[in-house]
Amino acid sequence: MASAEDAQHLSTRHLLGIKYLNEADIRLIFDTAREFKEVINRPIKKVPSLRDITIANLFFESSTRTRISFELAEKRLSADVVNFSASSSSVSKGETLLDTVNNILSMKVDMVVMRHPAPGAHHFLARHIQANIVNAGDGTHEHPTQALLDAFSMQEVLGDLRGKHIAIFGDILHSRVALSNIFCLQKLGAKVKVCGPPTLIPKYIPSLGVEVSYDLQDTLRWCDVANVLRIQLERQEELRYFPSLREYARFFGIRKDLLDQLEKPILIMHPGPINRGVELTSDVADSDHSIILQQVENGVAIRMAVLYLLSALRPPSSSG
Amino acid sequence: MASAEDAQHLSTRHLLGIKYLNEADIRLIFDTAREFKEVINRPIKKVPSLRDITIANLFFESSTRTRISFELAEKRLSADVVNFSASSSSVSKGETLLDTVNNILSMKVDMVVMRHPAPGAHHFLARHIQANIVNAGDGTHEHPTQALLDAFSMQEVLGDLRGKHIAIFGDILHSRVALSNIFCLQKLGAKVKVCGPPTLIPKYIPSLGVEVSYDLQDTLRWCDVANVLRIQLERQEELRYFPSLREYARFFGIRKDLLDQLEKPILIMHPGPINRGVELTSDVADSDHSIILQQVENGVAIRMAVLYLLSALRPPSSSG
Amino acid sequence: MASAEDAQHLSTRHLLGIKYLNEADIRLIFDTAREFKEVINRPIKKVPSLRDITIANLFFESSTRTRISFELAEKRLSADVVNFSASSSSVSKGETLLDTVNNILSMKVDMVVMRHPAPGAHHFLARHIQANIVNAGDGTHEHPTQALLDAFSMQEVLGDLRGKHIAIFGDILHSRVALSNIFCLQKLGAKVKVCGPPTLIPKYIPSLGVEVSYDLQDTLRWCDVANVLRIQLERQEELRYFPSLREYARFFGIRKDLLDQLEKPILIMHPGPINRGVELTSDVADSDHSIILQQVENGVAIRMAVLYLLSALRPPSSSG
């Protein structure tokens, strides 16, 4: 691992969204993640890189896999970690976000990994506090580390993504993943299409230069990669975005027989948790073309890379 | 502490239940636990043995003492630890157990300590995943580390358990401890009897070669050790297994005057948490014959031993 | 940092309350905290002082900032940490406090940091267990580390507190901070006044040698420091201690124009979380005279000092 002195630097000291990264930033993160992926596949998975860093994980919305992935990334970099979740917090006592975060920073915390339901929350903090901020999801807006690990995983298999066809299937409307994916893939030169029922595709998608399709088979024929998003069953119960799960699975669920009809293999991806039998069938999820578990593995490496690169851009007051 | 190379090996790479251990396995665990008990009684209670290991504690049912005991065992072996509890999990989002666990393993986790309400859950995982699995309780079926620490604690006081009389008192039906205790004690050559009200003793007990008694004083006279199980007050409120707590205490509660009437001292054990005045009185719980707190201390040593011995049987892909 | 051998000692092996500390104890804690404050402002914020110590944080009432502050203090001293919160505990199963704590101590825990709603809980434990006990709040009685960090923060700005005028504003009745503050400031020679609506000031306050005022402006003119307590909105909803928040803010809220009318600057303090616009306005909370965030920073240093000094007074059985 190159020392912080030798390393190239990111163009930003926060990871607020893919929107604010340039292509060189993304490629630097990928190069660094590749090195960390080697580390976590060694018997001794730990490096002392962030030994002198304290990271606060602030989850104002619940999360399992993203929180555990960040926590493992932090521990494998030897950082000290404090966890904070909104349920057990002063937030319910009417404290402002800035007061909560400033309090935690006053305890000499260097970096903040935050999931917050409000899209503006991370920008607001970045204007007011010293620590590096990593967006771990802001409502249905951006979830940049997920997009980075998705693109990194595609690139591992397909090589450079320039000109590649990537389709995002399913619930684009409620996804915290879709927008970051679109930004990231476009910056890497890929062509992006979204496909799902009209009720689950926001009106602004075409304005991003992304094609919209309502035809599953057509889109499968077009794409090199199918990134299949989760149908959020809990939302469907309240507001019916489609007639039934069965009908959704029939028209938009990806089945083995559909893949077998294609002339070429396509990669199957899913950010998890999977609803087996809804957005894809079990034989698709577990097939050779699925890289769903590689995505998870790469998530730890990508998060190690992001934290490591941002730590080189700490404000002077905190770095010495 | 012997290095992993010199160590004897367990006959199994998972601890799914006492049922799957042979006597040599149990004795190897005890020998190793004896060494770790010395470690945790030194001023510096930590060894670097599992420095390169990541352990996930997956608790799909709540637990205080078992979870803390495992966590301390893991930290004193210098393992990296991630905790997962069902309440904050993707489980509620309809994800399958295998998907949840595979996700966590893809983050390069070497061992899984799991409590799960379904008895088959650990076996199912063992067939499908690479990591070593430790059963930390599967409903009312097995809780092997509790049985190991119980037998280890008895043996510390009584020496070899061959031919010793061990009685298990109280709520056998809902206990996650009874079955593992029976298997473990029988493998070590002890004779086992259970004693409680008929409503709390499952019908299959005699088929295990275990005597059943409904007479407290008779059983106390017979036994060298009284392992007293907790009355689960919360279950009694729903379905009345006995007329009242007061009546339970009168017929099955262990009191000092009953012990004083015996011709020999007997050991008093309890897996906790105790209902003082129900299954035993305070003067019994706190008497010289009680080894309840030694059980807790031994729990950490036993769990260190189990994790250490299983870690020597990691799959090659994960150990290098 | 002086080694434990050279260090002066506290006169007590528990921190149950400021009531049980003498002035020399408080000054020793401050001297030690000053050294630890340097440590946490260095790039490498960690010392190995408590490398061989296991600390259990037992929170029987919820807490965010105090828990995180203790946890960071413990980690920066390199202690091993186990966390326990009542919600996920055996407490709900009817176990006694002593059984719960004895169980945890049997796992070879050296120190217990406990928040508990009952004022007598910490004393009770101190009589029955071996480990050092730190009171992290006992209902509305004492919260000694908060009082220490408050006085330490005042002294950093004002120098010796002898003869200084310290006013405590607001909800004295429900505060877990007021009593410890009064004891600590009096032991350091300061004069203390409390000011708030009569319904929120307990009758026994004058018997402590503390003046009571119901006049905000008068008290502001008198004091060098205004320690402003939080109005506990959740209590106000149940039992109306004052007509409305708006009326409270009008008569007892500290506003910038009130401070501007004073002839001298006064320090503004608050234990958090702040209700901006209720007990003080935002421009006051964020003004140059506010040392609210310094309090938080000093909290980690004070807690490191307390844990470090108590660890030198461990019982022989645990220290070797």
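We call the chains A, B and C, going by the order they appear; numbering starts again at 1 in every chain.
Heads up, the rule we're going with is that a residue touches a chain if its C-beta (ideal position, glycine included) is under 8 Å from a C-beta of that chain, and two chains touch if they have at least 3 such contacts.
None of the values given here were measured: they were computed from a predicted structure.
Engineer: Do chain B and chain C face each other with the same patch, meaning over half of the contact numbers show up on both, or with different patches?
Structural biologist: different
Engineer: To test your reading of the model: what rotation angle superimposes chain A on chain B by C-alpha positions, in degrees to the nearest 5?
Structural biologist: Value: 120 degrees, nearest 5.
Engineer: Averaging only over C-alpha atoms, locate the centres of chain B and chain C and give their separation in whole Å.
Structural biologist: Chain B and chain C have C-alpha centres separated by 40 Å.
Engineer: At least two other chains touched by the same residue of chain A: list those residues.
Structural biologist: Answer for chain A, listing residues that touch two or more other chains: there are none.
Engineer: Applying the document's contact rule, which stretches of chain B touch chain A when the two form their complex?
Structural biologist: 51-52, 54, 80, 82, 84, 88-90, 93-96, 99-100, 102-104, 106-108, 319-320
Engineer: Name, in rising order, each residue of chain A that touches chain B in their complex.
Structural biologist: Residue list for chain A touching chain B: 40-46, 62, 64-65, 68-69, 71-72, 75-76, 85, 230, 233-234, 272-276, 293-294, 296-297, 299-300.
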